[in-house]
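Per-chain numbering from 1; labels A, B, C and D assigned in written order.
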Amino acid sequence: MAMTGVLRPGHAVVRVLDLDESVKFYTDVMGLKETGRDNSGRVYFKCNDERDHNSFIIRKADRAGMDCFGFKVAGQAALAELEGNLRNLGVTTERVAAGEMLETGERVRFKVPTGHTIELYAEKSDVGNGLGYVDPEAWLENQKGINPVRMDHCLMYGGDIDGTRKIFEEALGFSLVERVKLEDGTTDLATWLTCSHKAHDIAMVRHAEDDKLHHVSFLLDTWEQVLRAADIMSMHRVSIDIGPTRHGITRGTTIYFFDPSGNRMETFCGGYQWYPDMQPTTWTWEEVGRGIFYHDRKLNPTFLSVVT
Amino acid sequence: MAMTGVLRPGHAVVRVLDLDESVKFYTDVMGLKETGRDNSGRVYFKCNDERDHNSFIIRKADRAGMDCFGFKVAGQAALAELEGNLRNLGVTTERVAAGEMLETGERVRFKVPTGHTIELYAEKSDVGNGLGYVDPEAWLENQKGINPVRMDHCLMYGGDIDGTRKIFEEALGFSLVERVKLEDGTTDLATWLTCSHKAHDIAMVRHAEDDKLHHVSFLLDTWEQVLRAADIMSMHRVSIDIGPTRHGITRGTTIYFFDPSGNRMETFCGGYQWYPDMQPTTWTWEEVGRGIFYHDRKLNPTFLSVVT
Amino acid sequence: MAMTGVLRPGHAVVRVLDLDESVKFYTDVMGLKETGRDNSGRVYFKCNDERDHNSFIIRKADRAGMDCFGFKVAGQAALAELEGNLRNLGVTTERVAAGEMLETGERVRFKVPTGHTIELYAEKSDVGNGLGYVDPEAWLENQKGINPVRMDHCLMYGGDIDGTRKIFEEALGFSLVERVKLEDGTTDLATWLTCSHKAHDIAMVRHAEDDKLHHVSFLLDTWEQVLRAADIMSMHRVSIDIGPTRHGITRGTTIYFFDPSGNRMETFCGGYQWYPDMQPTTWTWEEVGRGIFYHDRKLNPTFLSVVT
Amino acid sequence: MAMTGVLRPGHAVVRVLDLDESVKFYTDVMGLKETGRDNSGRVYFKCNDERDHNSFIIRKADRAGMDCFGFKVAGQAALAELEGNLRNLGVTTERVAAGEMLETGERVRFKVPTGHTIELYAEKSDVGNGLGYVDPEAWLENQKGINPVRMDHCLMYGGDIDGTRKIFEEALGFSLVERVKLEDGTTDLATWLTCSHKAHDIAMVRHAEDDKLHHVSFLLDTWEQVLRAADIMSMHRVSIDIGPTRHGITRGTTIYFFDPSGNRMETFCGGYQWYPDMQPTTWTWEEVGRGIFYHDRKLNPTFLSVVT
């Protein structure tokens, strides 16, 4: 009850071209904490205020992009029920054994119509945020880099976003929070979905090619931390796509930037709270620019074209 | 699924000694928007980013305090199921007819062991936040006063907080997020519970007298808005209990202050996100001062004694 | 002693194409306070925390741009001494009678080699910031629009910036705080000068055409106010050139935008404190992009070309 | 011209009871950078954005308090002229040899009527802020502790604050910015003076005992940094006197706290800009509480009594 089924985004597995350079980037610039490596070569990270063992995983590959995006669910019974929902919708699922990812329980893996691999799991070891569960301090001193609160959501590009949305809504209990319409006023260009009262836990944009990553997003606490993040990116000569600015959609503030392999990442802050009794918001084609980038009020050229 | 059952705090009904003075306070200083009055004398308000018709209601009475605190639930089926859960725990419930409160559907009303009246309801008219659901702006210009985002939670004082917690957990699906222990290391002095991924949707402190209100809390977006709120309180010579400061518990930033009738209110900002797979945090008696007021590290004299 | 001679930027007189539209823009969007109109058609404004009668004046003309930029000096003796300094450097000065501008004393007017008209004056009526000089509140409630603290500085474009700098330094006691070098490593592309411990009170960029305005800048207090300003600009569909972002030069945060006549304006926040015992900072041609826009690390196309 | 004579507060020499404990406090908690030690046992520190070699110096002694407070002046000629001004007012001055303090030129030392020792000097070695003077970054990564921008001002307690003010105004060119009146409406309880366009460079409160230190203040950039400072103080169990809060006087935000020897320190942020053509602000006895602590609107018990 209250929070049931799918709880939140739990892990993103991202491909990088050079592992050492990427570890250095995610450690020193992003300020993630490396929590382990496995013998398939994956490097595991967690963010500052996450308690589970890992939320962001990289592996070396020939091309950048995202292997899969996983959600933590509220227990094994929920996992079984959600898998059943998926199968009832005709989605093929497979079980990946506990331990195949470090400190992570059995996963239910499936593909959505946009070609992305999604995972559900109920268990990931609680390693804590370093503050403890008795008489904690408010935060940890002497953290470095951008130091986000948590891995927050991702934006996927692919063809059949209606099909993918249907699965998230009908099998996984997500709700539509915002949408952008194409010029025809009917077709969705993009949709933002939530499984919580965040403005989005996942989003998708209609795109010619399937299984593409637009960005993985990391949460920051304040607009001052957004400025600080942009400063740190500049100090390290990170390629910034756009920002600091605000999204009209979700109202969150943002910076888009690229990791050394060309994967777009986001630091996101704010965004309103949305509950499933609320109406979704629609953006017309005429106002999509303001919807995406509230200050520039036009899409930057890379937004609709550069994905990995 | 995902967000089910109890969604969020929906309304607080508070008694005031002078209606006109209180309307002026909640309008001009707090910056709430009056949305209606009914023929039993209640005045209805909503906050800046709330979409439902009302969240804070005042009525004239001989003594200050809170009549009831209501939660919105995810539909009529959930309402029935939750009522069933309550009755299974031996809680007496009554139904209050739709329309008894303005723009509000049928309510399930019951008393918890600490003597407080709690309500559940599934329907309250969506009047919007003034931005609309198509191509909205990011916020409304020319608002006045403190202008909180939403009514966020309340803290109740009463005797049997264990009994009240049991009902919130077992019948309503809430989870324990933080607790403070008494000197014996066993008994709870206070507990913070959530029905969402907020750090708290309701809290309770053990107290000799039942059915007491410690505070109703309103959400602010940023620490700068907290400063601005304290400034506005001073400009209007509002009695400030404490703040701006930070709570150790929830890590939120806060100001406690009193309305003209002596009801304590709070402006609250921040607080971490908590999901039901996470462990609760415990504060020992030795560190309760730091838990409540992170900077002063001691309770101020009014915290445990002044309630309405 | 301590603060002597030239105190601060005091007024900018700017040409607009449509007076009513401009008054509306500077009042409703910028949030300046109109303080008067004279019979030559000038409309006078002041900012939120300025005490003098006016700091920003507009008049209708066929082309946009800036008529003159004025500095307040520390009394009539200083005015006479500064005029003497100017004449000793061969600068022709004229006296404009007190009252020619509303509530403004006699002005010393002269042209600098970049073609701009500069004024000095010692008197402008103190109309206060609305808070009074006895037991003031911290700020005024219910202000509207962007509501800047003060008119802060301007950036002028013209040919002989070396000659103009010489006059500001040698006759008016300004100091060089930052400079950008051209590819030759010797010639200044731009210089930032101060008469105080602000990082800049005036700046100039080398440009083919004389007497051009790049922007007049208004001070904001916080980075959150910068975000709020950008939001307000979007709500009113103001043309934003760039921002919110940070300058490397001065380290201040910024938005550049255009008034309805195409005059570029800036909201500026922060910037370090510089005293005349300190060394200036030099930016090489290779790093000028990062110097101007610290996050984008390249000049946007309009920065060097669009002036009025 | 422009900035002449006395430029700014340059150093405070403070007595501590335990040198090692104090070095640890000023390094780890305050985040000052130790820049040297001399053979008389003084330990020198500078703040994050200061360029001169030192601004805060501690030495071991039997009782806490401040040995002297020094101001940097605009060159040797200004130093001589200011010394002449002091002698013309009957103030006895002495010259302390260059090098007596590390990296500091010859100082003019004198006592003011409140018993405090004040110093003037024209030279202190520029060691930079670590960013360099060519193509600098916006700030230095990986700083620790509260990490203030600069040593900003001090507040002195003593008997004849009128006499001390006269010297600062008449010999040193300071201006009165704010004052608090006693119940008689005539006598100053306290005055705030500036030699710049800061709201204060030094302040003094009338007190029975001479030569007392109320606090030395360190500048922070933002209200978020004030919160962070208060958090860090709590993490290190620093004794906080009051704050985070706002002063009515200067409008700055503040935390007062005590170093391990009981010397009160302040982190200060904001405050308006004041120029010598402006009127001072007066606070009446009735409103002094709001003047000192804008939110509490009453003096806390220690403000008028605890000094070192």
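Keep in mind that, in the parts below, contacts are C-beta pairs under 8 Å (C-beta built on N, C-alpha and C of every residue); 3 or more make two chains touch, one makes a residue touch a chain.
Bear in mind that the values here come from a model prediction, so they are computed numbers and not experimental data.
Among the other chains, the CA centroid farthest from that of subunit C is the one of B. The chain pair with more C-beta contacts between its two chains, of A-B and A-D, is A-B. Centroids of subunit B and subunit D (each the mean of its C-alpha atoms) stand 43 Å apart. Computed from the mean C-alpha positions, the centre of subunit A lies at a distance of 31 Å from the centre of subunit B. Remark: subunit A and subunit D have CA centroids separated by 48 Å (rounded to whole angstrom). Among all residues of subunit B, those that touch two or more other chains are 137-139, 222-224, 231, 234, 246, 290, 294. By the touch criterion stated above, subunit B contacts subunit D in their complex at residues 223-224, 227, 230-231, 233-234, 237, 240, 243-246, 253, 290, 294-297.
On the side of subunit C, the complex with subunit B involves touching residues 137-139, 141-142, 144, 222, 224, 231-232, 234-235. Those residues of subunit B that touch subunit A in the complex are listed here as 1-8, 49, 51, 72, 74-75, 126, 133-139, 150, 172-175, 194-198, 221-223, 246, 248, 251, 270, 272-273, 275-284, 286-287, 290-291, 294.
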